[in-house]
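What follows is a pair of complexes built around chain A, which joins chain B in one and chain C in the other.
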Partner chain A sequence: MHGEYRVALRNNRLGLWLFFLSESFLFMGILVSRFYLWGNTRPELNQLNGLLVTTVLLLSSFTMNRAETALVQNDRKTFLNCLLLTVALGTLFLAGVVVFEWGGHIRPSDGAYGAVLFGMTGMHALHVVSGIVFILIVWNNGRRGLYSSEQHWGVEACAIWWHYVDLVWVFFYPALYLMGQAVH
Partner chain B sequence: MRTFFKLGFVRGLLGQVLGTLFGMGLVTGTRAALGYDPLWAAEPAWVIGGLLGTLGFMIGVGALTDWAKWAIGVETPMHHGAPAGQPEWTRYFAVDLSHKVIGVQYTVWGIMVLLVGGFLATLFRVELLQPGMQYFTTDRYNTLISAHGIIMISAILLGVGGMINYLVPLMIGASDMAFPRLNAFGFWINVPASLLLITAMFVGGWDTGWTAYPPNSLRTALGGPLFFLGFYTIGISSIVGGLNLLVTVFTMRPPSMNLFRMPIFVWAAVGTSVLQLLATQLVGLAMLMLIVERSLHMGFFTPVLNEAAIALNSPPGDPVLFQHLFWFYSHPAVYVFVLPGLGIISELLPVFARKPLFGYKWIALSSIGIAFLGFLVWAHHMFTSGMSNYLRLPFMYATLIIAVPTGVKFFSWLGTLWGGKLTYPTPMLFVLGAISVFLLGGLTGPPAATITTDLYLHDSYWVVGHFHQTFFGGFMFPFFAAMYYWFPKVTGRKYNEALGKLHFWLMLPSFWVMSLGQIWAGLLGMRRRIADYDPALGVQNIQVWITIAAFVIALSILIGLYNFIVSARSAEVAESNPWRSRSPEWQIPSPIPEHSFAMPLAVVGEPYDYGLPGSVYVRMAPAGAGD
Partner chain C sequence: MTTSTMYALAAAAVLILTAGGGVGLAVLFRLTNQLVVGDGRLPRVVLERVVVPTEPMALLRWRREQDEERMAVARRVAAYRSGATVLVVLAALTVFEYVMNLVGISVFGLFVIALVKAAIIVHYFMHVATVFAAGDGH
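Entry: the complex of A and B
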């Protein structure tokens, strides 16, 4: 690897992980607000929908990982297809949240249940959207052959970002759907 | 004229105006499409306008250009020096990737913002000369003190950014910061943020103080949401700036500079950056929650339920939650403001005492200790907020424990001074002044941290006195010390020593009068953030003294700025190392060339062995030579 690229790569990696650390404080703040306001209760939500969107998102982490591995193995076709598959799954997740969860019986203005439900899913959805945009950029650049199996920081960053956003949902899902007493 | 419109700054301003108008149009258009009546809704229009205006500024100034190119796969080589065909000075008005230019941009913009904030203070100080209302309505008064608070905080953050960006890469012998584009972004986002804060004063103002507590902040005028947005935007700058600095310090030092051989200011910068990186997210979140609660009625902080929420059996919102989120940032933030200044004190004392810094390791670790403890004490601002009682005691003890690392710094300064061969040029005067003022702040803090006394002191002028002491001791005085000290390095010229001393001798005593006056007024029962007071309190004379002192401080700062401006243009050329410092930045020419270090830096000794014959800290070695 080129010396300058290696230095930049080391800086970029450290920078991205520090950014994750910073974002974790944001998401921790949101979780704390959830427990502060909801305590040991939660609103009645569509459990099937919650399970489905979570499954879809976890699957998308798998396809993202496939994409990166394929690039390392110089399998360009699988790389690009898996990126698109990830975008599709991400969009499906968003649709599940926006259409089904937001379209349910709870409105944002409905007390702490509405505020926290929409606040958590909304902030997370924003991050999913940013991830999808990122993947599309990487897909476009990948299509034009800008990444090689050795030098592909853009792909790596995009992949970890996507995994990170998924990881956040792994904490949000139980906080929204599973923990505490469901209130009717 | 052509040059003028080519300046990134001018294009940014145009971008902000266009972006704001576009955002307002978007909101109004959407309302029209959905058949809402009336079409014009001021709050969403201003919030979306403010957001897109900020984006417009960043696009206009060109801070996003390289990333946009990267996204479409265009190479973006690093550019050094002025843009092709433009004079050198235009660099300062456009996106420039050199940390030295960005450091100056931060500092100069910080001083301009400081002047605005100071001007507001003189206005409301005049109102306080007499009981009763003379010049302003109470709403105007409240807007003035709120804007003064947040504008000064942004000025301090800018000053901190200026010192850190300019100095840290030089002190560790790095060619630049780790992420130069992010660095430029982090500076420029402050400009639309400052403009948002100033606009907020003219669209109705707001009356919450800088702390924005609900429920008041949910009901205050239109300036409120613009202030939240401006605060949020400043936060973005803090986060990316802190991140950039940490990566720079951890990866760009020469291999021979281990952590305990870094200049001490670098340690302070690391402490500050950790706090900026992590804590800022919480205040950003709190501001965002206020914005959506106002515009979408999401009841995070409102304890009242609507019908639908009652039908759901939903718990209510809680205003105390806001205070937790807010102070989880805003207490650590006070250390963001003062750690660099305390670092400056530790940095300059050995130079002017010609003695090693006393207890280097302890000072270095105390910065980190303060940063860490800073996360554990936020609720000492909430003793009277109605939070759970059992929380008060641990927060009281945690707060008092911070006196330990702070005391470490203090005694190390005394130890450094002890037996030194002291000289007293202007920077040294400001350092000594800073210590005396910070000591005051350290004495007025513990009574506010002790529950029993704080029940009386909270929300009184005592608190106002306390935090002005810590801000002046921890930031303002050290900042001016740094300005005078590095002035010859940055400009290559000497400042006027007589004017510098005048600046100091006006500012120090008047500050003492002002802040002791505030403490005294607080003890007599004067409440903070109140436009009027009862003559029977007996504080009017004190108010007069405070106001006079405030004007003298303002005058002294103007003298300082006059000195900087005139000296930078026409004063005598300075030697390259007038203070006989050992630090790397003084071993290279002034002003510093585009590529700071012609040769890589090698650390061969301890940083602060002043007065030890024959000891050397750094050597410049041709690449490949040495170890």
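Entry: the complex of A and C
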């Protein structure tokens, strides 16, 4: 690996993690507002849907990891296929949230419950959409052979971004679906 | 159709469906297993005959190439396997979280489980250690 690329890679990684740190403040703020406004209660949400979308997002994290690993191992076909699979799973997650949760009995205008539910899922969904766009760009670049097993910062950044989206949901899922008493 | 014929036909149908379903499931599990913990490719039958060179130098070279190929496949399988292991652990923790909530775990308990899952993702999927590494790949 070239010295210049190595230095750039270190700086890029540090920059990305600093960006995650700043993003964490945003998500932590939303999470704190959930506990402040909902306290030890939560709205009645579809538990099965919550578990399903969580599983789908977890699976997408796995396929993203496999895509990155495949590129490192010079397995280009698996790399491209897994990227597309991640996009499909991400879209499925979005559909699960938008169709089943947003189309449920709670509306954004339903006081604190509606505001927090739509605020949390909406902000997270926005990040999922950006991740899907990012993956599609990386897939297109990968198809054109712009990444190698040694130099693939774009793929690494995209994978870490997607895992970050999953990481946020790790905290949002119990906060939305599991913690507190369900109120009708 | 007599009752005994119907019974015989029903028994045959159950047998065929059970055996067929079993074989179908076995094939499905085999393919899934190959995809998840294998080298990421579906198994295929290799029909071409391997020609081993007879000339000593060529044989030596052929053996070295075979060894390198085997090692590359082993490395790839090991790398894929570690990702699959992390997935299984995370899935188990998610199910545990869900079941513990049904049992009546406290908010603190759920938060601890989420923290453990987050730590696994940050370490194994996000490769946080590479931020402080010398700059090579993970």
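Going forward, the second predicted complex is superposed on the first by the 184 of 184 C-alpha atoms of A that agree within 3 Å, B and C clash if a C-alpha of one lies under 4 Å from a C-alpha of the other, contacts with A are read in each partner's own complex, and residues count from 1 in each chain.
FYI, a contact is a pair of C-beta atoms (placed from the backbone, for glycine too) under 8 Å apart; a residue touches a chain by one contact, two chains touch by 3 or more.
Computed from a predicted structure; not experimentally measured.
Once chain A of one complex is fitted onto chain A of the other, the partner contacts of A:Arg144 are limited to chain B, with no touch recorded for chain C.
Contact with chain B, but none with chain C, is seen for A:Leu37 once the two complexes are overlaid on the shared chain.
In the superposed pair of complexes, A:Phe25 makes contact with chain B only, with no contact to chain C. In the superposition on chain A, A:Ser109 makes contact with chain B only, not with chain C. Look at A:Arg10: by the touch rule set out above, it reaches both chain B and chain C.
By the touch criterion stated above, A:Val183 is placed in contact with chain B alone, chain C being left untouched.
Looking at chain A, you'll find residues 7, 10, 14 touch chain B in one structure and chain C in the other. Listed in rising order, the residues of chain A touching chain B in the complex are 7, 10-11, 14-15, 18-19, 21-23, 25-26, 29-30, 32-33, 36-39, 41, 43, 105-116, 118-119, 137, 140-141, 144, 146, 183-184.
Listed in rising order, the residues of chain B touching chain A in the complex are 71-73, 178-179, 182, 239, 243-244, 246-247, 250-252, 277-282, 284-285, 289, 292-293, 296-300, 305-306, 308-310, 312-318, 321, 324-325, 328.
Those residues of chain A whose C-beta lies close enough to touch chain C in the complex are 1, 6-7, 9-10, 13-14, 17, 40, 47, 51, 54-55, 58-59, 61-62, 64-66, 69-70, 72-73, 75, 78, 149-150, 156, 159-160, 163-164, 166-167, 170-171, 173-174, 178-180. Across the complex, chain A is touched by residues 39-41, 72, 75-76, 79-80, 83-84, 86-87, 90-91, 94, 97-98, 101, 107, 110-111, 113-114, 117-118, 121-122, 124-128, 130-131, 134-138 of chain C.
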